[in-house]
Amino acid sequence: MITIFVHRDGRTERTTSIDRAWLNPAAGVTFWVDLQAPSIPESLILSDTMGFHPLAVEDAMSAIQFPKVEAYDGYLYLVLHAIDFTAAGSGFKTHDVDFFLGQTYMVTVHDGRSRAIAELLEHCPRNTRILGDGPVPLLHRIVDAMVDDYRPEIEKLEDRLDELEALVFENPSSQLARQILEEKRDVSSLRRVTTPQRDVIGRLARREFVDISTEMSFRFRDVHDHLVRVADDAMLFQDRITGILDAHLSNTSNRLNEVMKVLTVVATIFMPLTLLTGMYGMNVDLPHFAGGTAAQFWWLFGIMIATIVVMLVVFRRRHWI
Amino acid sequence: MITIFVHRDGRTERTTSIDRAWLNPAAGVTFWVDLQAPSIPESLILSDTMGFHPLAVEDAMSAIQFPKVEAYDGYLYLVLHAIDFTAAGSGFKTHDVDFFLGQTYMVTVHDGRSRAIAELLEHCPRNTRILGDGPVPLLHRIVDAMVDDYRPEIEKLEDRLDELEALVFENPSSQLARQILEEKRDVSSLRRVTTPQRDVIGRLARREFVDISTEMSFRFRDVHDHLVRVADDAMLFQDRITGILDAHLSNTSNRLNEVMKVLTVVATIFMPLTLLTGMYGMNVDLPHFAGGTAAQFWWLFGIMIATIVVMLVVFRRRHWI
Amino acid sequence: MITIFVHRDGRTERTTSIDRAWLNPAAGVTFWVDLQAPSIPESLILSDTMGFHPLAVEDAMSAIQFPKVEAYDGYLYLVLHAIDFTAAGSGFKTHDVDFFLGQTYMVTVHDGRSRAIAELLEHCPRNTRILGDGPVPLLHRIVDAMVDDYRPEIEKLEDRLDELEALVFENPSSQLARQILEEKRDVSSLRRVTTPQRDVIGRLARREFVDISTEMSFRFRDVHDHLVRVADDAMLFQDRITGILDAHLSNTSNRLNEVMKVLTVVATIFMPLTLLTGMYGMNVDLPHFAGGTAAQFWWLFGIMIATIVVMLVVFRRRHWI
Amino acid sequence: MITIFVHRDGRTERTTSIDRAWLNPAAGVTFWVDLQAPSIPESLILSDTMGFHPLAVEDAMSAIQFPKVEAYDGYLYLVLHAIDFTAAGSGFKTHDVDFFLGQTYMVTVHDGRSRAIAELLEHCPRNTRILGDGPVPLLHRIVDAMVDDYRPEIEKLEDRLDELEALVFENPSSQLARQILEEKRDVSSLRRVTTPQRDVIGRLARREFVDISTEMSFRFRDVHDHLVRVADDAMLFQDRITGILDAHLSNTSNRLNEVMKVLTVVATIFMPLTLLTGMYGMNVDLPHFAGGTAAQFWWLFGIMIATIVVMLVVFRRRHWI
Amino acid sequence: MITIFVHRDGRTERTTSIDRAWLNPAAGVTFWVDLQAPSIPESLILSDTMGFHPLAVEDAMSAIQFPKVEAYDGYLYLVLHAIDFTAAGSGFKTHDVDFFLGQTYMVTVHDGRSRAIAELLEHCPRNTRILGDGPVPLLHRIVDAMVDDYRPEIEKLEDRLDELEALVFENPSSQLARQILEEKRDVSSLRRVTTPQRDVIGRLARREFVDISTEMSFRFRDVHDHLVRVADDAMLFQDRITGILDAHLSNTSNRLNEVMKVLTVVATIFMPLTLLTGMYGMNVDLPHFAGGTAAQFWWLFGIMIATIVVMLVVFRRRHWI
């Protein structure tokens, strides 16, 4: 689906076709073309009408791209990632949004999952400043909204890590290693997406590509700053996950120790006693022991109790029980 | 709560409002505005009276910011972290203090937990040099006090690591892995805060932003040097924590070995003997063994003792007992 | 086997010998020499006819070379790696292709396993643009096809990792560690090949060596971008493999815990009971127990059942069963 | 304790006070002030007589400083570490020596443990060249002696690592993990001290601070080269320690395996046999078994021996015994 | 032992002394001085005749030096490492060769183990080009031969790693961890030697020190390329060793699991049955069981067999057997 908004003479209106004269900055026109899940015929607007480079068009139409910025003659091609809210409940997921940024226009290509773009498209006809400020502020509005969506996801991830950390010690189960591995993958995805994204925005903030105003550079620096923190969090989470896995391993070993101590204590107490009963069950006349009277039994019983007490004392000294 | 001190004609006095003429260096006035846990109306002094950039004001008013320095037109915006002494007994915690540094003024924004600022605010009316020296030395005074507070915290952390290291070998418990994980988190926090802080101060010391005097550059270099050591300690602690966890794991395995050796020794000694008594308990006539006399018993007893002795010798040779 | 194609006057034709006059750009001739598994006499075309440097010729003729680019006087020598499809079913394998790139020619040296070159050689006589566009676009065509072949291999590798991850938790076997180690080696090979390859193509894209057109630089940037993603995947896979091995270790420990708990529960229940039966099997008159009637048996039986119940409750409380 | 040597007119003599005229290079005087464990009044010579910056004086008087070099107006302030020989037998320890290096003088501040300085102070009156060569060669003499002392310590550390490595396999004990952790800490200290020290000397060798002669630059390059090797050794030791700990863990697991195999072999052989004797001990008429004659016993005995032999063969096949 | 070859007027002849006039490039003389395990008097040729810097001479005479290159006035001092073939069968060993490279001469200092130098010394009188090409090509000849010797050693190391990897899974023994640790040390040595060596040659190839011809720069680039691959292999081996150790640990744990499952299965089957025989061996009248006839035995026997079958089914379901 193609949506085109054009801003001229102070008014923003929706239109259906692009006049190539608008590309000339002298025309004083700003326009925004949004392609939502474009079909192949719809994508011709990129290659034919706008004349973008085939490689950039191919990237924009392809399924998965990583964050990057590429300068072409007269325009920038950017890929950025936004949180994918349609993938609720299944960890951290992002989808990519493609931007073509020219002097008088911005073209966005996405698959319809972008909340930030949907909102701006809705407000665009009423709020003339959205397009009236020019393409770079428009890009900033979208990017700022996209990056703001990262923070709650980061916090959810942090909560899950807190929970894992508690589980390791309070209720370790055989499923825990699996959960840890899954969170590790989420953290890796986060790091993988935010690091190049941070660099892309950082280059915009440093005015590496386009001649943007000081004010816009301040704003992109702010977005960059948010991404720096997100990337920093991703690094820290990576570190925590490793720590959690190590603690889980250490905890498992500890519990094994506890189990084995119980077994050893039980075996060490009962094996000698069982031997004793076995000896007195033999079909052999025991020398000091004629016929086996009740008094003899009490003697044996006493020896058994004494053996148990001595062993319990020994184990207590070793801190086993 | 807003506190304003102004220094003119050699005197420092408290005032309630700011004259925008003071912003002109030619006026020869230095002033310090301190906002403690500012309310939204109080924060208007940042945006309206002082005219700071909305992004910087937003950052200053927001809860958590990481150490950074940002140059705006005519002033610097800095975020630095101080030790949070209100969070006693719960590991390493910091809170952020925001600074706006102009040619004739400094504005500080914090939530009231800053010991360094509280002390300076108290001394400010009596000691005219505090404001008389200008905003950069004032910044240095606060930052120097803030950074000096790190050293005792580092030492507490080091003591806790020493204690953990001793516990691993002397009194290992199932709680140990949890404590190690907690200290690891503390060390990560420390590293996370000090590394960017060190870089911020380093950039001030290298006179990257403001034209500060050689003397002030020496002083910031000294603060930077302290932070380098703190960041270095954080790295070293990270390394030690890893070593402690590894040693804990190794120690747990070792103790498991000890437990299993005891079990194996006990089982290996008593199982054959129990078999022997079982054999002589069978309802079967043993060939070389008519009726079972006392002499026979002594033979059996001798065999049992011999078996035990031989096994103990074997285990001793293997260094198991 | 030597194959030579020459493009002049708009036509591409196969030929058997090279005219050294073609080396002069003024001649308007472009030619492509392909050496497939060249014999020593065939390799003379490199040293004698084309006059390439002995070191480059030696490298081109040697078995294994890692991706690199070297500038010689008037030509570039490149080594790149393509997926080896002849090694089906045995993990990730590559073979090297050597390129000599001059102003009017390209020479390729390979062992006949290169699918990209085989296809181009076939299409070369019919499609005059292949050679007509010049040597740099020809190089790009081959490299682009070679790099496109990496994606399916990456996906196969990713599938194998997914499978390993599932196996760790669902059907751990003693062969698993071996498989993990093998995949680790594949991932290492991938990373080892793609990292230098990415850098070689990156240098071409940045026009470091040859004066290539903006268009070709865009195209090499696109290839570089693909390799950046492949190298990025390799890094991620390395990380995942480590996580899988850690999870495997943790899982093994967990299962050991389960096994040991079963053993301990069984031993703790049956050892005391066996002692009890042993006591009543001794050739000793038990005091409170004359002759041993059926009622006595039920008492004993009740004690045994009670012991079992109490122990099961204790183990349940400890979450062992 | 303050010691002052002054060199003028070709003679070196001890003196008790400093003439500020000596600071002028034109005076042709070179002097060396050594402060050994200076008291507060003695330290006034630094701040008042020599006029050093308060921050440098504070650092010089403080207990622990890490290696660094700081340029002040007209002089350098250096902190370097020497091996602490007074801490014999307790691993790797260093103490810091502070240097102030001016055009005509060198001031050293230390706590009296510096062997290199003690020797030079002794030789200074007799060997006029020590001071006559100027302050930079004097600094080099001390630094060279200090760095030469590292080599034997490195070798001791290496010997201890060799010993640990042997112990892991030959005589593993529960104390081993502790020793490994201690050596790890020593290696960390070594690395922590040598890395900044190497950089300080490297900057001197590159003539970053002072205009030193080519000859002196060669000499500092040589000292730098020694420190590069020491830092390199520290990295290698770190790596080895990690390897030793891993091997220790692996070895502990292996020994546990051995212990458990013994237990399992013993239990698997004796449990079935004990069951057999139990069956023939039951108060039940066995059908094929009337009265229990000696022949029956030999049958049972044969079955037992056969069971043992079969099991031993099975275990041998599994490489358990 | 000192060997001197001088090349003048197209002839190479052996001589016993050096004419200092040869040092002048205008003399058109090239000479090579080789010191094999020089005695102190022999080393005077370095300091007195050739006038090399005392620090370089000291380094050349000392036992162990790491690869480096140092520029002195008018000559270069290089240390490079060659494979030590005299240390056969004991892993990876190198020895150092020192070079002094002037405009008209090369001086080599070694301990007689250098195969590359021995061969060249032998061929020198017959092949006039060896010296006739000048000192830089002579250096290249030796270095090239030295670096070529690394490849077979790398392959031996790789074979040993393959073998270790197979052993981990096929025939794990308690000696394996030790072997892994030894290979790890060999790989560390390799990396330690090749990394600086690669950098030294790389700097020669980039013509950082001497004004060498394009041809020689190509040749050194080729040597550099070989060392890059060796250093790359060393990194990969390091990675593999870590993987092998991890797999070994994981494998040990797995085998422990197997052992423990056998023990648990055996104990779980025989302990209840032994209890049963114990019960029927008690001196107690069992109620439903008068006298104990053969039919009763078959009942008991049936219960035992049923118990075994049920347990085997349970264990099979748990994949324990």
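Going in written order, the chains are labelled A, B, C, D and E, and every chain counts its residues from 1.
Going forward, contacts are C-beta pairs under 8 Å (C-beta built on N, C-alpha and C of every residue); 3 or more make two chains touch, one makes a residue touch a chain.
Computed from a predicted model, the values in this text were never measured in an experiment.
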Set of chains whose contacts include both subunit E and subunit D: none
Path length in steps (a step moves to a chain that is touched) from subunit B to subunit C: 2
Centre distance in Å when subunit A and subunit B are each reduced to the mean of their C-alpha atoms: 25
Distance from the mean Cα position of subunit D to that of subunit A, given in whole angstrom: 40
Residues of subunit E engaged with two or more neighbouring chains: 249, 253, 255-256, 260, 263, 267, 271, 274, 278, 281-283
Chain-level touch network, classified as line, ring, star, complete or other: ring
Ring topology as an ordered chain list, initiated at subunit A and continued via subunit B: A, B, D, E, C
Subunit C contact footprint on subunit A (complex, rising order): 53, 55, 59, 66, 68, 70, 72-73, 174, 177-178, 180-181, 184-185, 188, 192, 245, 248-249, 252-253, 255-256, 259-260, 262-263, 266-267, 270-271, 273-274, 277-278, 280-283, 291-294, 296-298, 300
Of subunit C, residues touching subunit A in the complex: 165, 169, 214, 218-219, 221-222, 225, 228-229, 232, 236, 239-240, 243-244, 246-247, 249-251, 253-258, 260-261, 263-264, 267-268, 271-272, 274-275, 278-279, 281-287, 320
